[in-house]
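One structure below.
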Amino acid sequence: MKILKFALAGLGRIGKIHLDNLLQMNSIKVVAAMDPVEESRKYAEEKGVLNVTSTYEEMLSSTDIDVVVVCSPTDTHADYVEIAAKMGKHIFCEKPLDLSLQRIVEVLDVVEGSGVKLMIGFNRRFDKEFKKVKALVTEGAIGDHHLVKITSRDPGAPPLSYIEKSGGLFLDMTIHDFDIARFIVSKEIDEVYARGAVLVNPAIGDVGDIDTAVITLTYTDGTMAIIDNSREAAYGYDQRVEVFGSKGMVKAENNLHDSHQLFTSQGSQGSLPLHFFLERYAEAYKTEMSDYIKSLKNGTEVPASGNDGLQSLKIGLAAIKSLKENRPVKLSEINQFQKIQMLK
Amino acid sequence: MKILKFALAGLGRIGKIHLDNLLQMNSIKVVAAMDPVEESRKYAEEKGVLNVTSTYEEMLSSTDIDVVVVCSPTDTHADYVEIAAKMGKHIFCEKPLDLSLQRIVEVLDVVEGSGVKLMIGFNRRFDKEFKKVKALVTEGAIGDHHLVKITSRDPGAPPLSYIEKSGGLFLDMTIHDFDIARFIVSKEIDEVYARGAVLVNPAIGDVGDIDTAVITLTYTDGTMAIIDNSREAAYGYDQRVEVFGSKGMVKAENNLHDSHQLFTSQGSQGSLPLHFFLERYAEAYKTEMSDYIKSLKNGTEVPASGNDGLQSLKIGLAAIKSLKENRPVKLSEINQFQKIQMLK
Amino acid sequence: MKILKFALAGLGRIGKIHLDNLLQMNSIKVVAAMDPVEESRKYAEEKGVLNVTSTYEEMLSSTDIDVVVVCSPTDTHADYVEIAAKMGKHIFCEKPLDLSLQRIVEVLDVVEGSGVKLMIGFNRRFDKEFKKVKALVTEGAIGDHHLVKITSRDPGAPPLSYIEKSGGLFLDMTIHDFDIARFIVSKEIDEVYARGAVLVNPAIGDVGDIDTAVITLTYTDGTMAIIDNSREAAYGYDQRVEVFGSKGMVKAENNLHDSHQLFTSQGSQGSLPLHFFLERYAEAYKTEMSDYIKSLKNGTEVPASGNDGLQSLKIGLAAIKSLKENRPVKLSEINQFQKIQMLK
Amino acid sequence: MKILKFALAGLGRIGKIHLDNLLQMNSIKVVAAMDPVEESRKYAEEKGVLNVTSTYEEMLSSTDIDVVVVCSPTDTHADYVEIAAKMGKHIFCEKPLDLSLQRIVEVLDVVEGSGVKLMIGFNRRFDKEFKKVKALVTEGAIGDHHLVKITSRDPGAPPLSYIEKSGGLFLDMTIHDFDIARFIVSKEIDEVYARGAVLVNPAIGDVGDIDTAVITLTYTDGTMAIIDNSREAAYGYDQRVEVFGSKGMVKAENNLHDSHQLFTSQGSQGSLPLHFFLERYAEAYKTEMSDYIKSLKNGTEVPASGNDGLQSLKIGLAAIKSLKENRPVKLSEINQFQKIQMLK
């Protein structure tokens, strides 16, 4: 079987994870990588990557490449994907593709025209917990689904400088939950009602964002989902999901450091959830990449498409509008010329 | 110490539970009971109650009474409470006091003027799980509270004939959750957004009610609560609560039939939640009554007041309005002349 | 249906529990009670028992009695049972019937000759957890059984004065576990190997007992059970069971005060097991008595017979012998003239 | 810092795991490997190992080597370790070092004389669950320890041909539990009592082994441990530990495939334990090797020494003797000329 030749654009935290995972996979080879930062380039070189460059263009011309993995800053995603697609290379791109609906639509048009396979890095879809819940829902274990509940809380807020450019809580953090809401029951969203507050850190409010939120989603069939978010859970990364239906309910709990239980006269004690996404989703990042490789090899659909990225962004934009206007907002109200702006 | 003399008005399902519990308590005596149904009267007589009558008036005049426990049908509550209050008797009344805000205000005025102690039967406040969560929240274990999550699902819908007269899901079922939302964090509600659907049984929709709902509550300090309801959980009575705050999170799970776990090649299996409120809240009904007796003996505040009943009804009315108009509704929009009507 | 008339001999801690439970049961009546202590007699009188006496003989002659419940001190059990049996009265007797095998055999002969129904108070057989495990084992859920594991630890040691007369750990405490080992898989024991130590309190060793033990039981079919005991578990009453077989494993956990879980930056915390047998087995005491009443009404076998008491004592005597001689001891080595003596 | 040069002797199932893990580690390099089987050699070559040979001698002379990892069949361990030690190379050797006490003592003498660092592959010591329990025990969380309970059950028996040469259940399987019993509380064993049976497969009995066992260990301070084993747990690899002490109890549970819970009218369902040691101890194998490398770099003691291997073997031999003679056996009865023989 053909050995697929991979190139990585961007060797930051996530880029390094993808590189390490790719180096352990069979029937592919990492042939090139790029990063403007020397330390990052050195990391790839020490791992044995032969063509390591400081610009995207150099990388693309350095050797023969089948697949580009885009892990560079968000504002480069759209351009990098467009360039690679035009050159006929498959693309794995970290989310989001862009913060502009209009630009996403343009890029997806190019991708579609080129016939390459674009996958968006919605890593949670590959987590064993979420996959198991989806599998049980899909096989009918809970009958018709009525309610989805997603708890998603980070252990701590990112720097304010990051928040300012991120598009805010709904586009930076909740967007993963919007994707899971669609993924877990394979349904589309019709309407969004978002409630939010600044409870963790007033400085987050000062840059125009919220840090705590509750979002009600209504699917096109009238069933509902609820999401709750916080930027700061003192006990670690809280990632739970529950689906309730006519025949039952299925839920998945957090992954803990270990299963120990200590009983003393003071009470019982146990471990906390894994600290953050790097720990919780370590396996999911591997599965994500190997599933993408499988879809390339087998010519099957990618498990997280450009359209999935588009839909999640639309829900996020509707959530922003809902929060500002304190009213439920239909997805049909969001059109491609909708501008991103901070929440207040 | 004085032996308090109790009389029970209404010996239906809940009335019998209260009677049995009262018969086991010290320093009180059940001296009278009434019910229009002969079988119910016989039940009380066999338990040794001396004055058992078929009307409320006969009961009140049959002997010396300190406390009246009102467990008769909802449409008698207001009148019975008013009469007892005017006679200077303390009253324990099952919720709701009435479905009309105006009538409740009238009755509470009479109660206040009479100086008797009125307690409303919000049994969940006395459940060991909810009490434990409230205790931890109150002592600061989770810091400032940010989010409350209440899951409340019945094992099956009541008869349609009952639903038609009940005021609908929000006044009949969610009203307990509204009370817990206030109780668990000792805060008042400012705004309600309710989303609902008919997913369990179309006939419920035909009588103008919903059977599945998601409600977002905003407290006066801007923090939030979410409630999800279903009239039919295939796996039993689902009653969970979670409170998230600046220093952590505390939650309480369902009470199961037993703790067994069976592991076979097919997977692991365990028990279901207790079937319904009679099983889940059996202990809570006892504690409720003994706590009421304590407040009578000690002259302290009752743990669930007439105002608690009033506030929950207001939230329920706001939820109905929100559902109809698909917009968030402020509690201040609900005034005492608000009419109850079914959801659609 | 005939109303069974009950009399209680002994109104100590357990006697009061049985009295309170009997007073709530239908189709029986508590007609008499006895206790040498005035406070205990007063307790029964206040509960409405009409014939309350200070001696067993007075009680038996005070009124018409169908069933005697024996909760008096252990050294009176054999005589009280024998007397009641000769008078044709059914008997519920707290364990142990006696500490002498020979005396037990004599009494059981009298009981058998009289045709009355004798039940021994092995309360754990009626605990919902143990019942559920036995039910699953019996219906074949785990296939052929290979191993039984019983954890049984008290929250604190009884007074030394009690330990001295109790026959020691194996006869006072482990005897319940020996019964569960037979009950849970419906098999008889062939051999015992016991290992023990004084680890909790040296004074317990001074009076000739141990406070910590591990016992291996071999059933007549070659399968095995292991029991571990401690007189002092800092975290409360630890009562767990597990059965492993050819098709799987089933276990039951402790009953906790409540199900709350608190997560903070320090870890997760939960509740402890219920404190001791009065709390853990409160429901089991009720079921025990109502099941006994059912067997009397229906003429079916009692769920814990005199022979069950005899067998558990034999295993206990074998355990004592094993500990002293540090070798496995066959039950066939224990004959009815075996004398009880403390462990060392 | 010096790059340590590793060579692997034996590229079977475990050898491949060690190779893959070593390839991901920093500051070491795998410079050579050997295996008589071509497919295994090819595996190493494809992973980039430069010197891959078919004999141990060729491997040792092929290049400069600092550390030898011995994963070849058990009957080669002693010789390979001895040769490497004499050449001044550090050694990581899979357990057991040998099945003859005498031979082990000889080899350990050579190792000691040579000054190299020998580590035995007791992988469970590096499992996060066992490590956490040991850490809590060590820091005094449960006070003085009284009881250790180890459950260790395989999902299925190995081939009879393997069992015949393995030394039997106690030397092949329980030996890991003997090591954990010493490790978890840092104490030595004084006496062993073993009970066993053939309950899974009569053919196992025909080759002179048992498949189910219960072992009581007494530590030199009089405290106790119990181990239960089965060759076949229908529900997967069952690896649990519990330590009970004067101030409390700590336990660790199995690692499950995922945390999902499904509730339907039929009951609740969850996932099974991970299938076998490759899954359960995948992380432990990595930690084991990186901890060994740390001890080499820092000149600290290895976390599982030759003496640890020796002690576990002694306990195993005592267990065999105990089972045959059905009596407790002191470790002091086992001397270095003790011959290994099957259990019956």
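Every chain is named by a letter (A, B, C and D) in the order it is written, and numbering of its residues begins at 1.
Definition applied: contacts are C-beta pairs under 8 Å (C-beta built on N, C-alpha and C of every residue); 3 or more make two chains touch, one makes a residue touch a chain.
Everything quoted here is computed from the prediction, not taken from an experiment.
Engineer: Enumerate, in label order, the chains that touch subunit A and subunit B alike.
Structural biologist: Chains in contact with subunit A as well as subunit B: C, D.
Engineer: Measuring between mean CA coordinates, which chain is farthest from subunit B?
Structural biologist: Farthest from subunit B by mean C-alpha position: D.
Engineer: How many Å are there between the centre of subunit A and the centre of subunit D, using C-alpha atoms for each centre?
Structural biologist: Once rounded, the distance between the two centres reads 40 Å.
Engineer: If you average the Cα atoms of subunit C and of subunit D to get two centres, how far apart are those centres in Å?
Structural biologist: Roughly 42 Å separates the two chain centres.
Engineer: Please compute the C-alpha centroid of subunit B, do the same for subunit D, then give the distance between them in whole Å.
Structural biologist: For subunit B versus subunit D, the centre distance works out to 58 Å.
Engineer: Going by the contact rule already set, what residues in subunit A reach two or more other chains?
Structural biologist: As it turns out, subunit A has residues touching two or more other chains at 234-235, 247-249, 263-265, 271.
Engineer: Using the touch rule from the top, collect the residues of subunit B that touch subunit D in their complex.
Structural biologist: Touching subunit D: residues 234-236, 263-265, 267-273 of subunit B.
Engineer: Mind pulling up the subunit C residues that touch subunit D in the complex?
Structural biologist: Subunit C residues touching subunit D: 143-144, 146-147, 149, 151, 153, 193, 195, 197, 199-200, 212, 214, 216, 218, 222-224, 226, 228, 230, 232-235, 238, 244, 246-249, 326-328.
Engineer: Once bound in the complex, which stretches of subunit A touch subunit D?
Structural biologist: Subunit A reaches subunit D through residues 20, 24, 128-129, 132-133, 136, 141-142, 247-255, 257-265, 271.
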